[in-house]
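Presented below are the structures under discussion, each in the form of structure tokens.
Two complexes, one shared chain (chain A), two partners (chain B, chain C).
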Partner chain A sequence: MAKDKSAGEGLSRRAFLKTCGAAGLGAMAISFGVPTLLKAQPKPIKIGSIQPATGPLAVIGQGQRRGNQMAVDFINAKGGIKSLGGAKLELVLGDSETKSEVGRSEADRLIKDGAVVLVGAFESGTGMAVATLAEQRGLPFLVDVATLDDITQKGYKYTFRIFPTSTAFAQRGTDFIKEIMAAKKLSPKRAVVTYVGDAFGKTQGGFFIKHFKAANTGIEIVEEISYPLGIPDLSGEVAKIKAAKPDLLFPICRPGDSMILTRELYKQRVELMGIISPGSPGWYEPSVVRDLDKLALYVMDNVPWVNPSSPVYQEANKLFEEKYKAYLDTNTGWAYTGVLVIADALERAASIDPDKIVAAFKATNFKDHPMVGDAVQFAPNGDNKNATTAMVQVLPEADPLKRVKVVLPKKFAQAEFTFPAPQLWDRG
Partner chain B sequence: MRRLYLLLGLLLLVLLLLPLVLDKYALGIFVMIFFYAYLGQSWNVLTGYTGHISLGHALYVGIGAYVSTFLAQKFGLSPWLGMLAGGLLATAVGLGLGFLGFRFGLRGVYFVILTISCAEIARLAVSHIDAVGSFSGIFLDFNPGFYNFQFRGNVPYYYISLGFMVLGSLAVHLLARSRTGRLMVAIREDEQAALALGVNSFKYSMTAIGISAFMTSLAGTFYANYVYYLSPNSMFGMGLSIDLILRPIIGGLGTVLGPIIGSFVLTPLSEVSRAYFAKGGLEGMHLVLYGVLAILVVLFMRQGILVYIKRALKPLLKLED
Partner chain C sequence: MNLALALQLLIQGILLGGIYGLTAVGLSLIFGVMGVINFAHGQMMVMGMYISYWILVLLGLDPYLSLPLAAGAIFILGYVIQSTVVNRILDFPEAMQVLPLVAMGLILENLALLFWGPDHRSPSTALSLAAIPLGSATVDVSRLIAFALAIAFTVALFLFLKKSAIGTRIRAAADNRLGAQLVGIKVDRINNIAFGLGAATTGAAGALLLPLMPVSPHLGHDFTTTAFVVVILGGMGNLLGALVGGLILGVTESLATLVLPATLKQMISFGLLVVIMLIRPQGLFGGRR
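Showing the complex of A and B:
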């Protein structure tokens, strides 16, 4: 027993020393080797993306994630953030479930996971919750898409927005309508505004009506019609429109009701000079354009659209089509731009310190983006001074995917606008 | 029973010390656990103890949130006081609703419909009142300070929500052991028998709905100053009404600890699974998991999780029943 034990001890001691030596050498090798490895490959910079990936806005939210991710891939393919040793970007994903409190909690999680900048949130409620959290935690937040003015009117230091506000939508929409009428020497007298009765429709409609009335266009809004989201039939509403005898219709829709509305206008033979949306979905989506076919033609929509002549857009759109079988539109385009603007700020900040990133945001002058409008520059309140919209029109073209064209402003136009539009039933 | 109190005391001590070791995100999860536990507890007073099923409790959350926020924005009133004002209005509304229901003997699904429709009416009404932001809701200003009920870090929110949960549960515990509480349970078990024994069913049902509405509305003020955004759909909608009753149902209806246990199970489950499935391509998987768990509990643990925990701890805690 005793012999065995001592033999065992002797052996183990020897083995122990050997192991120690080997481990020591190994540790030295590692401690010398690792920092050089780290130097060669800087730690990725994490960007937290909070989008409504599930819930009622899931389809849009997942598109937004793709827009964010594509831009991250684009920056990484070009060598990452050069001023930080070529550090790669990494998108960490949060899902707001289209609920404000979930968005807040997700943002907190992404910060814990090491996000240095947040991007999101599509829906204004979540945008507000995340903006307040960014202020509480002292971390920059870039709003890629969300319209309600309030988000940037709280005096927050850490929140920036590249998307146009509701006010900007209303002003631009009104200006475009004036421009169209002046160009064609038309003086319509009566208009009807319809809007879907959810938060977006009510706000977008309310702002537009207020601005339009104040703008002295000579066009009187004779009727305002609101209906609930998801309504299966609009015959009553369209009868009201017909009775009001408008020259113009200004609808604010969601994709479903825009189709019902147009078909009903056709059925009831409502005579109009044209349909001009002050800024809403429902008119430019491939599915809508394809399904409504001739009925969708000549509709105009005032949206912050992609700039077809921008090389950045062409490159991004090609990749987007290859990867996701969809084209870059107003929402995904801004999601893409959001990450580009963040990368630009990181490049100039040459740091991941939140206050240095904020300082870099303030000095932003970012021209190489895929959207309509001049360089992204932030006003003191954090809004993009040059955020703007374009007037797009659905024009005849064999391929439905090519029908949506920018017609105004002239600088970005792909085609001349057609106005007044032929009546819905006069289209062969 | 004494050992149970000892155990609960120990757990409370642990909870009190947690902010020393947890990061902001983890604290945020606890805030949501306490918040939903408190909401479940408030709902429990009415449905768990008197058996009148309310599927419109978001109504009172909304009233609490909107009243305190409105008073703070318009008159600079501290939300701590606004919270009481909201509570009083919620109580009045609850009593009005209760009067309609109990006076005319609405039972079962008919009472459910009454509660749902009142919440929906409130949601639609608030959606059209411009003074409270109509459809787009209210965006709160962020001015940190105790007076404003607003804080930079999560620690104050943690202790406030913990306080809500503990005091709320204590109140329900005391109520449950009082004469009033026992009469409420009598109404739940067999209203006809209770009436026959001379229990004033109307009076005790009204008491229950009044207390429940008051308690629920306080949570609304907390939510407003934690999330900083109120919208008619999120504050008065069916989604919240259902969210807030899931905890007591899963935990155990008509018990003081049920809503707390339910919240400690469900809230982290939804947070952790959401974080786990956060990678792209699995969007919504966490919701599926959440739904499956809820179904399993309802199928196999009809009286809630609490019963099983009690059974497991029985020898240790020397529980009576």
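Showing the complex of A and C:
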């Protein structure tokens, strides 16, 4: 029977955890001299993590898993969920393969495996599919990263999101762009928007364009270019950008295409004042900053970044750097925060009953997180009321792991921004 | 219509087409000889990319210099796959031949994930940013080299099959397997070599593509489908057809950017595929088989 099989798989993992737990208890018994060795360890609480661990977003998906897992380890090291007798958290992994239908069936599998809360899904299409499933199964789902507004606009009771929506991105991005131009007394006239053609890119691009046009910035969007996710070549698109003669480029990318785009801009000598992303991956990841090197410099990105002055961030980032040779960024940072928010809700719910967890989510007021913005609090539709973004810029620094800096808002800024940027081919 | 843009797109389309052609030539050769479709083709190309990436990072050797090594390594990979898997499934129904090769592709993709992780790797090579200005347009040097070598390799492979002793045996085995066996050709070994050669061309394509695009484990799948379209366009098993098919596809895709968003690029290539299947199922250059 299928069920026996999955139970069999679970056993070995559980046995492993028991051994670990027993070892921990043994150590405790020795240090306190109390014979607690025979006291039953509460069953671990399973959190189902659905991330795009393979497929075109694999580089991000793997990071998301690490963020989730590191927070689980952090909570467990602090003694688990105290209101549930010190129950440990266990992350059970699902891989959406960057396809929403696979993400849904993986989430279903995790629920059958005994997950009591779901976290994920990075890719907005998958986020939508999992939110619908969570509603059907009556199980809480915390969106750690995904921007599509729709996810929290269907009236779902079980879905909560800590990440900003595309609308929030568009508003903040437009405001930052205005602020930068005003500060440097520049008045660019023409801009091109490019966006990747998946659920995220279309919404993020569409909302930004709509909002930017309505905002009366004096900058005209002269061309909108979209292309499929995972495209291996952007020479035609860049030729189109060049023909539109823009002053500014507003790209919404994924990690692979940002590299192709930048090299192609160099090769075709497209003159720009600067590249400002309205909010997308592809510009701040360690691998991008390392491989593009000088070409990645001065790119700005409007993202819900880590808060450099937060002690929670400093502690988590140190661990992340040691373990993975990478820094916490907007995605891994929120993946880490997501599990912390779940643990906080479980602690207050003192139960694994889905409806009690949902009630606890609704009362969330979670301050000790590593990101920019105030305490996580959920609006009635499940969105984080205080989700916000910062403008980061890649600035010259010998160590590639230290190049991404918050430049706006001033409250969180680590450095002054440089704008306009030197042309890609004028960087020595 | 913007003429400068159209010219730029035309140049890029031709250059891209050469690369499409090179990835498809190997697929066409393998189909022509064995009658199987190598669904692991794109993944083999990605392996070629990773090998030249490795050589570049560890030894500092440019992809153009490490190309023979990448091609050689993928030749061995192809030889081994043919001798261990494909030779056993040659007489199976077509639907059953597909699965082991799809599986092989998945294995290669996940091996790449295991060895190199999911990162997009795009190291700077000597020529990765070089471009020649040509009036208002620019010609990308690494694309130009890839294009020239793609044509050279296809012609070399063509001559090898026509003139050399092994080439003649490959053609004999492709023509009539039983007949070739009867005259004493070791068909299994010839098949191994043919598959290895087909694989080697895609490995070489991988090395040529490394300066052009970031390598990541998932990249292969799209190249398999593109190569498949090109091969059908040019005629299954026809090497020069594959090259011309690549050029047609590259130019069509590139020029289509003038009027259509790139998100519809795949619609162009698959639309072309459907049209060809309807009016000339044997492909532009395919004779009756």
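Couple of notes before you dig in:
To be clear about the criterion, the second predicted complex is superposed on the first by the 357 of 428 C-alpha atoms of A that agree within 3 Å, B and C clash if a C-alpha of one lies under 4 Å from a C-alpha of the other, contacts with A are read in each partner's own complex, and residues count from 1 in each chain.
Everything that follows uses one rule, which is that contacts are C-beta pairs under 8 Å (C-beta built on N, C-alpha and C of every residue); 3 or more make two chains touch, one makes a residue touch a chain.
Computed from a predicted model, the values in this text were never measured in an experiment.
When both complexes are overlaid on chain A, the residue A:Val270 reaches neither chain B nor chain C. In the superposed model, A:Thr54 lies in contact with both chain B and chain C.
Contacts of A:Gln62 after superposition on the shared chain: both chain B and chain C are touched. Looking at the shared chain after the overlay, A:Ala115 reaches neither chain B nor chain C.
When both complexes are overlaid on chain A, the residue A:Pro255 reaches chain C alone and has no touch with chain B. Residue contacts after overlaying the shared chain place A:Asp95 against chain B, while chain C stays out of touching range.
Shared-chain residue A:Gly197: touches chain B and chain C both. Under the contact criterion defined above, the residues of chain A that touch both chain B in one complex and chain C in the other are 53-54, 58, 62, 197. On the side of chain C, the complex with chain A involves touching residues 2, 4-5, 8-9, 12-13, 16, 110, 113, 117-124, 128-131, 133, 138, 140, 143, 209, 212-214, 216-219, 222-223, 253-254, 257, 261-263, 265-266. Residues of chain A touching chain B in their complex: 53-54, 58, 62, 65, 69, 92-95, 97, 99-102, 104-106, 108-109, 111-112, 124-126, 128-129, 132, 135-137, 148, 150-151, 154, 156, 197-199, 201-203. Chain contact summary for the complex, chain B toward chain A: residues 23-26, 28-29, 32, 127, 134-137, 139-142, 144, 151-154, 223, 226-229, 231, 233-234, 239, 271, 274-275, 278-280, 283-284, 287.
The part of chain A that touches chain C in the complex is made up of residues 53-56, 58-59, 61-62, 197, 225-228, 230-237, 239-240, 242-243, 255-256, 259-260, 263, 266-269, 287-288, 291-293.
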